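Structures follow.
First subunit A sits with subunit B, and in the next complex the same chain sits with subunit C.
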Partner chain A sequence: MLARSPRLPLLLAAGAGAAIATVPLVFLLVRVRQVDTDRLWSIVLRPRTIDLITNSLALVGSVTISCMVIGVATAWALARLQLPARPLFVVLAALPLAIPSYVAAFGWMAMVPGIRGFFWSWLVLTAVSCPLVTLPTLAAFSNADHSVVETARSLGRRPARAWCTAMLPQIAPAAAAGGLLVALYVLSEYGAVSALRLSVFTHAIIDNFRTLFGIDAALALALVLVALAVMLVVLERLVRIRGERWRVGSGAPVPPPRIRAGVFTPVAMASLLVVPVVAFGVPVYAMLTGFTAGGRYPLVWSEWLATTGTTLGVAAAGAVVALFVCLPIGALAARHRGRVVSVIEAAGFTGHALPGVVVGLAFVFFALRVAPSLYHTVYILIFAYGVMFLPKAIGAARSSIEQAPPTLTDTARSLGRGPIHAWWSTTGRIATPGIAAGALLVTLTIMKELPATLFLRPADFDTLATKLWGLMNVQDYGAASAYALTLMVVAAVPALLLSRHSGRQD
Partner chain B sequence: MSTLEVAGVTAGYGRESVLDGVDFTVDPGHIAAVLGPSGCGKTTLLRALAGHHRITAGQIRVDGRVIADGRVHTPPERRSITVVPQEGGLFPHLDVSANIGFGLRRGPERSTRIAEMLELVGLSGEAKRRPHQISGGQQQRVALARALAPRPSFVLLDEPFSALDAHLREALRAEVKDLLRAEGATAILVTHDQAEALAMGDTVAVMRAGRVVQQDTPSRVYGRPIDAGVARFLGDSVVVEAHEVAEGFATTVLGRVPVAGEGGAVLLRPEQLDVSAEGAPAKVVSTEFRGAYTRVVAVLHGETDEVVVHTRRAVDAGATIGLTVTGEGWLLPG
Partner chain C sequence: MFGLRRRSLVALPVAAAMALSLSACGNTDDDDSSDESGSLVIYSARDQELVEDLVDRFEEAHPEIDVEVHYGDDFGVAKVLEENAVGNVQPDIYWSQEAGSLGVLANEGVTQTLPENITSQIDPAFTSDDGSWVGLTGRIRVFAHNSELIDEAEVPDTIAEFADPQWAGRFDLPPTNATFQAFVTAMRLVEGEDATRVWLEAVRDNLPEGERPSNNGGTLDLVEAGTVEIGLVNHYYLYERAAGTENGLDDLATRNKIAAVGDLGSMVNVTGVAALSDNPAALTFIEFLLSEESQAWFAETSFEYPLVAGAPTPEGLPPLTDFIDTNAKFDLNDLSDLEATVALLQEVGLL
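This part shows the complex of A and B:
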């Protein structure tokens, strides 16, 4: 069924979507061509740039390694140990996702005044990124075929060797893919490191952009950043595709009995609490005390309400843009294979490899060149949101449509329905909840977006994130707390959905 | 009740041709089994009949009316040909009765017909269940009821029992045949299982490499296959050379055997051979007890090819036995 070639209208719509998705990259490259190549190289090879690269890579490396160690250990404990209140610990493990990194950083800064630099950036980012490894690895543990470990034991391996040869390869792809996501996330990170005054790439891009003569430098750095990010994305794909090959038979594997930890149970439970406390507990505590204590200026509720309303509005509008662009690409990718389809799908995922800072920068060039009257308007911001979070939307559309076997539509047609009616009454009906959930996820993600919004927002326009950012920078933790708490609630919804998803398999 | 004629149908994917001139017919009220190994084009043929795949040449006619050729392509919803897909393919978002009613127009008869079909497949108690709440066999029955409900001209069954275990498969086979008869439906069953094709088909069309090489009654395709390949595909076969053919008898290493047809080699089925003290001497290579009979593999003295015998006598490996023939042999054409 996959061999059928796609119909032309679908192909055209998907192609148009792919073109829209590549807007930021294209305009970045168009603008780069205006800069002299020698000048570009001289900027890239400046000692200052090398310093930034070193800082960024050191942070990316250390956070990724610590997340993988902690994430795999956490996933193993959750999957295999007999723990009281285990479902609660699964939710706790996912909870750090509910904290935007800059909120966590500010929480810690409110608690421990004066902190800054590498160590604190590492601590905060490790804690908030851990679920990116923990959750897929937990799912891999639940889906893993434990009987191969038993087979390895029967063939004479000791338990540890058997586990390493038979179980590790089954979870390694999920853990590695998660680790690469962490790396990508840390590389793109702006808010937390900027708050903690660590000079990294993204920070330097914004600083350079703000100075009159720095635009070329910002551009050059953005290019290096994109190159690194693309590398990580490609690696992640490769790892994941190899991982999918490991699965052999179908059918649900029988999970082995959970291990009784005995006297070590309290130790295990305490260890499982460390990450949630660092990522979630401390910041939430800081925000709540800040909120009740109040700040220098009292919180203006009407302003809070207006900001929340605006944020919801632009986020929903951005999600609608993403939805329109993603549907044909998702439908195409779910049902067809081939070189053209692969290119269109890959183009749709461009945004995945573009850090928010770079997207912001690219859309500045786009607006200036294509529609100067739209520069610094909410329209360009909404469009940028739509493009930026397109990959999430495509993913949701694709997997939802894949859930409906194409034969259902064929069957509906054999039972007398026309092509469109048949599609709607089967595939459409089955895919709608998944696509709607995807759109909700995109809306909530947009609400937390910071760097691109800082670039593109009109004057005197604030989302929850930029408002929080402004208040935090003047250390008005009291008023900031209300915005931070609102953002946490917003972010908690997808985190809970995710943890339910990965907890369900067992 | 309609007649289906498939004439010289070719179809493929891109440049790769899958169907290479398929011919066969189905008479009203009959079940036609299409039998072939995997990869022979069965599924493509089924999709072409249902209208999900365009044919590049040839004709598909229903009661003489062309529904598809190289240019005409009647869309699936206007063909009145329904499908029972592999593994049922029920709509997961609809309950059992909504699945059965999917192809029916709204109106007072709709619920009557749904109730009638539920009754027919014995699932009246499961009307409000979702597909995942019922067993595999029940899902298959719902899929059949869904396909029969709109009273189509034809029902296509695409390996409908392949997902079921052996016991259930045999029980459901008989049941589905009765249901199709009860509805007076004309059906095409696509399968790679020769037992299923022989048991269910009024005719069996044997497909090979994109063509139907033989279509005939089950007993004739089994007993009088067109060549050694078809013979082997339908079951164990014993082929011996005919040294001389005269007056309905062939002289073979197994003695004088009554034969039909024309050709140089005699096809016998294992149940036509028996073990006795007389007869052609053979050495037993191996035996396998199958309950109702023992499958014996032996080599006739002076020959190299193995022959297969189904016997109810006790035979030991390594022993020398005599083989006699009962019934008529078939001279393989060519």
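This part shows the complex of A and C:
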């Protein structure tokens, strides 16, 4: 089935989505061509670039590996162990998603003054990114067919071997997709590493960007970042285990009995608390302390309410954009292989690897040329959000479509249904919860976005993140804490929905 | 069983579309009216929380003018450059944090020459020489120090002393900050490229390990926390911080030291405005910012030096005239020569 070449309409729709996703990259290529070549190479090849890339890759590697290990272990414990208050632990596993990395970093800095450098950056980024692996892996455990493990055991495999040959391939695509999101996120992260003063590649880009004559250098360096991101996407495709992901048998998957952990239950419960405490507990405590400390500018409740409403509105709208663009790309990537498919899928990921300022300026460039009447309207901002966080939706769409057996669609078609109808009533139906989870993930990521919002927002338009940033700029940490707390609470809603999706036991 | 049901999946886009149309409502009026003569579009690099109150006062005084402010760091210049590339410059006013970005806009040819009655209100040491923009307020560079760790008398009197190895690991600075870069530009203009490189290399070797703080506020945090003894920042950050505490300066360990008279360590950089269109409301706005009321507002609210002759000096600070000699050593307009400064900072590895 994988050998079957994709239908033209699907290919065209996915190609169009990929084209939209490459707006920031096209902008970069056009602008960098205008830079003097000697100057460009002298910027890219200076020794500091190598140092920064080394630091960035070390951070990306260590955070991704720790998120994969912790994420898969957490998902396994939540899916397979008999735990008291298990739903609570599922919620706790999702909550770190609601924390912007820069808020987590500031929270830790308020609690432990003077911290900085690699270890703390690793700690904060690992804690806030873990759910990106935990949640899809947990969902994969829930959807997995455990009868395959039984079959492997009945054929004489020992439990661990049987698990590796029969279960691991079923959860690997979800875990790898999550790992890729973590890697891309850490690569383009600026807020936390900047607060914790770790010299990484995004620093060079943003620092040069802020100095007006450094914009050329910043864009040249951003291209290097895109190249690194494409390497990560390719790497993930190589690691992702190929093959047919759907169930062998018919009927419902067999939910295996939960394992009793006995005396290890408290140990497991304590371990499951570590990530939420690091990512959520400490920053929330710090912000509560900061809020009560007060500040120079009193909190205006009407403004606070309006800002919260705006944030919810644009985040949901951006997620809808991402949803429409991601579906054909996800459907294509789930069912087909080949060079064209690889290029389209990789294109979908490019926007995510760029720092927000580059994406922001790219859409200024794009709007002025293609849709000047939309410049400085909320529409262009929403469009940019959709593109920036597309990979989160693509990953979810692809892995949930992969889990639906394509034979069902074929059967529906053979019974006389049209192609779209047949797809919706079979694959679409099975994949819907996973795709919706992707949309929720996009929603809560948009809520936390800052730099592109600063570039593209209309006048008199604030999100919780821009208010938080503005108050930090005038050193009013009291009011800033109020907005930080609101942002965490609001973002916790999609995080909770996500945990319910991933942790459901059908 | 907790999975998102199909109904809620349908509800999601509907809710989003509603939210979208709601949040879009507020903007459609602005878009329609932005071409009428009674409207004024401002790109502000000045912080919204700080200057919003002043903009409100302007709107009260001029209800016929519909003001639309885009706040957003110094990113506004990058936007104006992109807009100019397609001949579609949006703002009538660019309101800057420092002189350099105004010079960039002037060099790009997007500024309007301001009339004499506006430009003549400011001492030539603190404004543009060709009327392409006008200075509004001044901020001096200071050596902010933690008074619990170091006596004021021990803090250097001149900027040159920070090259001395005895200060290794004891001070910090924000290399990406526009006013720090303006200072480096001034040093290049006054002492030459080579002397500046030597100073920067020595300072780079003296700075503590790790990434530099990203702005003046972050640098002040390090001083207040005692991570370093001294920070090279602008004078008003300390007062801004004190305004948010219960007992003002008494609650803080940090104090400012101003370099010896005539030393570049206490040069003045200015905030200012440029008109980017011939919209008459732009001049009305600039005149408002130079009015006695607004100038006094700056001294009291942002703790900066108002630049109009005769305006009050912020409480507890030496008079602005103390710094005319320092600033007379270079031309403020030349601070827009950032390119060579950035190249130098990149070369020594501070950027």
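Just so we're on the same page, the second predicted complex is superposed on the first by the 285 of 506 C-alpha atoms of A that agree within 3 Å, B and C clash if a C-alpha of one lies under 4 Å from a C-alpha of the other, contacts with A are read in each partner's own complex, and residues count from 1 in each chain.
Criterion: contacts are C-beta pairs under 8 Å (C-beta built on N, C-alpha and C of every residue); 3 or more make two chains touch, one makes a residue touch a chain.
Since the structure is predicted, the reported quantities are computational estimates derived from the model, not experimental observations.
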Which superposed partner A:127 touches (first subunit B, second subunit C, both, neither): neither
Touched partner set for A:482, first subunit B, second subunit C, both or neither: neither
Subunit B versus subunit C as contact partner of A:410, first or second or both or neither: first
First, second, both or neither for A:104, with subunit B first and subunit C second: neither
Touching partner for A:334 - first (subunit B), second (subunit C), both, neither: neither
Partner chain in contact with A:322 - subunit B first, subunit C second, else both or neither: neither
Per-residue touch tally on subunit A - higher for subunit B or for subunit C: C
Which superposed partner A:70 touches (first subunit B, second subunit C, both, neither): neither
Overlap of the subunit B and subunit C footprints on subunit A, listed as residue numbers: 429
In the complex with subunit A, residue positions of subunit C that touch it: 1-4, 6, 8-9, 12-13, 15-17, 19-20, 22-24, 26-27, 30-31, 41, 47-50, 68-75, 77-79, 81-83, 85-86, 88, 90, 100-101, 104, 175-176, 178, 181, 210-215, 217, 220, 225, 227, 237, 240-241, 243-244, 338-339, 341-342, 345-346, 349, 351
Subunit C contact footprint on subunit A (complex, rising order): 43, 46, 48, 113-114, 116-117, 193-194, 196-199, 203-204, 206-215, 217, 294-297, 309-310, 312-314, 316-317, 319-320, 323, 357, 360-361, 364-365, 368-369, 372-373, 375-379, 382, 429, 432-433, 436-437, 439, 454-455, 457-461, 470-478, 497, 500-501, 503-506
Residue ranges of subunit B touching subunit A (in the complex, touch as defined): 13-14, 47, 50-53, 75-83, 85, 89, 91-93, 102-103, 146-147, 150
Partner subunit B, residues of subunit A touching it in the complex: 3-5, 405, 407-408, 410-419, 422, 425-426, 429-430
